[in-house]
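Some structures to go through are shown next.
In what follows, chain A forms one complex with chain B and a second complex with chain C.
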Partner chain A sequence: MSATPSSNGSPESSPFTLERGLAAFRAEIDGPVAAFFSSCVHCGVCAQSCPFYLETGDPKYTPILKLEPLRLIWAAEFTLLGRLKGLLGLNKQVTDEMLTQWEELIYDSCSMCGRCSLVCPVGNDIQAMVRKSREGMVASGHVPEGLIGASVRAVQTGSPMGLQWKTLQVQINHIETSTGLTVPVDQAGADYLVMLSSMEVINFPEYLEAITRIFDHAGVSWTLSTQCFEATNAGIQIGNKDVAALLVQRVVDAAVALGVKNVISPECGHAYTAIRWEGPNLIGRPYPFHVFHIIEVLDQLRAAGRIKTEGMETDRLSLHDPCNLARKSGVIQQQRNLMDLIAADFVELKEHGKFQWCCGAGGGVSSNERAEPLKIAAFKMKKAQIEEVEPARMVTMCATCRTQLEEGLEHFNMDIPVVGLTELIAEHLVEHEPAEQAEGAT
Partner chain B sequence: MSDPMDFLLLTKGPLFNLAVTVFALGMAARILEILVNGRRPNYSEARGGQWLPGLRTVLTRSVADPGTFKRAPFNVVVGWLWHLGFIVTLLFFIPHIALIKSLLGLSWPGLPNPVVDLVTAVTLVALVATLVHRRTHRVKRRISTPEDYLVWTLVFLLVLSGYLAYNRIINPYPLALGLHILCAEVFLIVLPFTKLTHIFTVFIARWYNGASFGRRGVES
Partner chain C sequence: MRVFEKNPLEKGLAERLREHGVSRRGFLKFCAATASMMALPPAMIPAIAAALERARRPSVIWLSFQECTGCTESLTRSHAPTVEDLILDLISLDYHHTLQAAAGEAAEAAREQAMRDNHGQYLLIVDGSLPGPDANPGYSTIAGVSNYSMLMEAVEGAAAVIAVGTCAAFGGLPAAAPNPTGAVSVMDLVKDKPVVNVSGCPPVPMVITGVLAHFLTFGRLPELDEYHRPLAFFGQSIHDRCYRRPFYDKGLFAETFDDAGARAGWCLYRLGCKGPSTYNACATMRWNAGTSWPIEAGHPCLGCAEPRFWDAGGFYVPLSVPTGPASDYLLAAGAVGAVAGAVVATKARGRAKEEAAVRQPVTVEELEQKL
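Showing the complex of A and B:
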């Protein structure tokens, strides 16, 4: 029964076949998956945690249903009863037709936000199984075009948006002119290697300027790398370990080449989970450095008294926790500590932190043009939350979330600007604070 | 010796042994076939532990978060009601305790019969409500399989037959009791091969969930 890739006499040389897909699904089944499927009682509570179901009302978007191909393979090949049924030819087969149908469920209608994994009464980590299912979808060739494009660009150019270092260099020049500071590049032995996301470079250039000013203020030793500046990982979103490992390896190589102690993931949710949690497993060994999200680093600097701010934002601010950062990575209190520094009128969304609601754009949904209507539908959950507390502005710390919030609020004619937390902190730095502790960052 | 008595003896003797054997071997196989898959090594730098968060989730996942309770009150309330009713009846009805004592040597105080009777009646009503919900709620209807209805029927018949036997609604009594024991035996035989396995695997699933989130510093 073992499927050897592309050796089945098919005249076409496509590396993506049903056999390879089934093998990839099979390879993803482990103890947790077996325990989860053994425990599902079809209660349907997961649907009540999914913005794609709640905002469309279509039961096909019930999270557990999205896992049906993976479940069929588990039931047929990883259970005694399934093997017996297999001998009698009684198992339902996973076919190309089925996977074509499931493509929308596994990609378009799932941002892998993980809320279902937190509410399932029997404890099924549904999001983790969607991530696993995507491996099978890629190997069998059932992937949305938009995600294929992003992955190919990421592999070929280093950036899912095709961004080159020269574009970033122009931005660096602008920042150096406007701030009078130096943006360190390729500084061997720096404490921190700062990674970026293309979306940030293109849509939110204020982020890099903010980092430059904050790190100068706090006396942090940091650098960018011309070898690799892109932290996002299209391989994680599309669900292909080979691509994901290749992209992670580039970050690791850059960090090792410069001998940095720490790597900072930008204001991007999935980039953080990709480098922080999946990365070492993709390359099969621990890193010789630590990984932090920029918000963690800023909070460490705050706690060490190295960030001095003045003045407060007086309008009503609320916070959107990116799923990847809060629910999936436990970075919840840090952003609140930072908000306390600069926000006089901070209001929490009712369900926040690990129980926040997804913006609807993560997990590759925003790179998948076809999913646009679903992405806007899912945003309505966030919109309702925002309307409930009526903030003047929203603050977040993920470029994808920020873009989705901006576009979604615009779509619904809501005049609520969205700002990044890092730039908000930078706006309140005490001017000309001497950088006393030029060395020895944590 | 009457036929109902023969039937009762059959259910209490050979059938009971068969059911317990299939249940024990089947369930052991199911748990083994989960655990042998194991987990791959995790090389990422842990933010928290796994064991305690895992055990914590085993307990805490029994209680819905406030948002989920608000969005799925029926699932939460009726789910709790019938599970509790089932467990109370199973573990605190005095004849059940006597059976457990004869098998395992363990015993504990039971509840007065009228209390168990009332709990059983409430459980039956709650079970009917879950069936109606499964047939009418668009999500549950969409994701339900024939197995869901089979399992519902077995659970319902098990509780109902106990209720009928206790209240002497079916006569003669040996027949009523034999039917109840037979239902329990079918339940035990089917358990390892259906979603009823969650009675045991839920602890493993919740632990894995809590351990995975706990490692990343999240209480799940």
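Showing the complex of A and C:
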């Protein structure tokens, strides 16, 4: 290829070109996309469901507008009228300039929370189309640097934050010392393979300890895998199916190598949807195991009477449902069943479950430093919800949501701690041998 | 209802609403409902509110001809005191012979005065059909004046004409075969003024007020369909918005009015429901302050908002039973369409596959170069 004038600030010729991006956009236009675009009635209800639009008031953040590049390609190349207009040269072209402008709309101002898809009166799955648009954005080289970094690290080091097994091993040693329990590693034939997210390992080490204690209490056969411990999928967030498939494949290989029956996705939203829903489509075949979110497993154990708790939290607790878990996967009642075990004063946010509001950090927004002001703006919706019911603490079950809640509440000087539901359950377990434990315990 | 109010153009709507105890919130809710019903973007809500607040009460003259007063009933029984009532209270209804207190010469004098005072600006609402110019005018007269002359005289100074109800819009029952009075619709006679048909027997009250709100907001009439009906309310068929539609799609039909299917709320298509060919807002707005509507009450749609609905076959005969001789060419056309559809679908699928093949997989080494 002859040298082209540098367009996107990179002096060397980039492997990503507009042509390549357009091909990737086209490959995403399938039956549903065509049906969605032709049924859009321009009602604008999606704007009213989007925290990024509502909190900024800027109409460019209207969800359906974020799909304009994809829509233009559909209209120009996949409709009869568009092709006729094309013959006369009347179609608006998708250019590099346009995609540069849309990068902010498709990445910085969308957490793919899916509220727009839910409220759309004609049933257009807008967030799925944002996910599809990202395929074209990656292939044309219009991606925030933070997401590229996370993807490269995820593929090269096994963790989007560059975390290595030896760091995790140190943590395992700590947990084993403090609990007197063993953290099973590479146990072939275990019932459950527990996956983690780097953010949890670094920010919330309490999680792994909680799992260790709960599974010991309930007599669950489980293991970690040294081959793959990372459940998150940077490929889903950047929006590239090649990277996403590669990362899912690692989880599948680790699970197959150990011959486990089930894989547990950690307290992370997108990791769950990546492995549970997108995964088999990405790798093109069904799994020989089941996938659960940790909250689903805990609720199954509760229903089977294998979790015995004592005492209740007496302060006022409220719950933030992660979008990926509640809206996209229907895991809504499980966390409430678990809250009932341990919360004496539980108050729901006004809109919760499938109609909850996003924390504002998902879908790669939190890995994208440039998006910080938008991330804080979108959080104001959550803040208002929290202020309405005035809880003493917030409970959630996604490390990204939790970090965002903590940072956001801190930003607005609100003194409301945030806890993970799994840890909260672990704190209330009935001890196995109360008499002996009482002596040794401090 | 305030009839005969002198000097109707003094106060803005918002002020008058407040006098009637309607809160700002209630008013904005009405504006939001109006925006969504007319499929306007939510950003229009403040614009609607601002326009309505500024709006002066336009003079409205309501003429009733060969009608049953059902349309007036529909409007006035829209559950007092809703915002819709007040909106109506806040136009200046200068003549409506059912509602006004005055009678005889005083009533007619009020009409004539309103026509003089607001020449070229008043809205003319008509309910009921009327004997055409060639029919015997004696079939329907008011104060000794034939309906035809009264309409033509009133139309002359009107800004626009709103035909309320199927009789005024399409002739309705009086025009049904054999049409003994030679009844015609308003749009058969009025050619030089904009005509909006708010059809239905009777029409949904909110549709009448919606058209008025649109007029007050934008100073012009809403977008209309081929039958001059406002698209915002008549744009979709009853069938498409029917809550029983999933049963139709699954092929679950009530066969009689008292079988298990009817009790389970299945689709009424086989009992003669005209929902698929009827365009109106009943399925979305419902009746009696949103309480229910015919299909929800277990009765098929009669198709009352459509032209010639009285003569369009039996009410309880399914739509699929042809009213005239069956036409084979329709079947042939259907077959051609199916083949064409299959060809297009196959081509489109081929194209998607082609594109997927052209797409170049992304590698992490390439991504790294971007860093």
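Please note the rule applied: the second predicted complex is superposed on the first by the 419 of 442 C-alpha atoms of A that agree within 3 Å, B and C clash if a C-alpha of one lies under 4 Å from a C-alpha of the other, contacts with A are read in each partner's own complex, and residues count from 1 in each chain.
Heads up, the rule we're going with is that contacts are C-beta pairs under 8 Å (C-beta built on N, C-alpha and C of every residue); 3 or more make two chains touch, one makes a residue touch a chain.
Values in this document were obtained by computation on a predicted structure and should not be read as measured data.
S.K.: Once the two structures are overlaid on chain A, check if chain B and chain C clash or fit side by side.
M.R.: Pair status: clash.
S.K.: Quick one: classify A:240 as touching chain B (first), chain C (second), both or neither.
M.R.: Second partner only.
S.K.: Touch test for A:20: chain B only (first), chain C only (second), both, or neither?
M.R.: second
S.K.: Go through the superposed model and pick first if A:184 touches only chain B, second if only chain C, both, or neither.
M.R.: In the superposition, A:184 touches no partner, neither chain B nor chain C.
S.K.: Is chain A touched at more residues by chain B or by chain C?
M.R.: The larger set of chain A residues in touch belongs to B.
S.K.: Of the two partner chains, chain B (first) and chain C (second), which one does A:162 touch, if any: first, second, both, or neither?
M.R.: Neither: A:162 stays clear of chain B and chain C.
S.K.: Considering only touches as defined above, state whether A:39 meets chain B (first), chain C (second), both or neither.
M.R.: Once the two structures are laid over each other on A, A:39 reaches chain B alone.
S.K.: What is the contact status of A:29 with respect to chain B (first) and chain C (second): first, second, both, or neither?
M.R.: So A:29 meets both chain B and chain C here.
S.K.: Going by the contact rule set out at the top, does A:219 touch chain B (first), chain C (second), both, or neither?
M.R.: Once the two structures are laid over each other on A, A:219 reaches no partner at all.
S.K.: In the overlay, answer first, second, both or neither for which of chain B and chain C A:86 touches.
M.R.: neither
S.K.: Touch check for A:205: first (chain B), second (chain C), both, or neither?
M.R.: Touch status of A:205: no partner.
S.K.: When the complexes are fitted on the C-alpha atoms of A, one of 117-125, 279-287 or 351-359 in chain C overlaps chain B. Which is it?
M.R.: Superposition on chain A puts chain B right on top of 279-287.
S.K.: State which residues of chain A lie in both footprints, the one left by chain B and the one left by chain C.
M.R.: Residues common to the chain A contacts of chain C and of chain B are 29-31, 34, 41-45, 47-48, 59, 78, listed in rising order.
S.K.: Can you list the chain A residues touching chain B in their complex?
M.R.: Per the stated touch rule, the residues are 29-36, 38-45, 47-49, 53-54, 57, 59-60, 62, 64-65, 78-81, 117-125, 128, 276-281, 284-287, 290-291, 327-331, 351, 354-355.
S.K.: Name, in rising order, each residue of chain C that touches chain A in their complex.
M.R.: 36, 39, 41-43, 348, 351-352, 355-356, 358-364, 366-371
S.K.: Please give the residue numbers of chain B that touch chain A in the complex, ascending.
M.R.: Listed in rising order, the residues are 29-30, 33-45, 47-48, 57-58, 61-62, 64-65, 67-68, 71-72, 75, 79, 137-145, 148, 193, 195, 197-198, 201-202, 204-210, 212-213, 216-220.
S.K.: Over in the complex, which chain A residues touch chain C? Could you list them?
M.R.: Touching chain C: residues 10, 12, 14-16, 20, 23-24, 26-27, 29-31, 34, 41-45, 47-48, 59, 78, 138-139, 141, 143, 145, 148-149, 151-152, 155-156, 240, 242-243, 246 of chain A.
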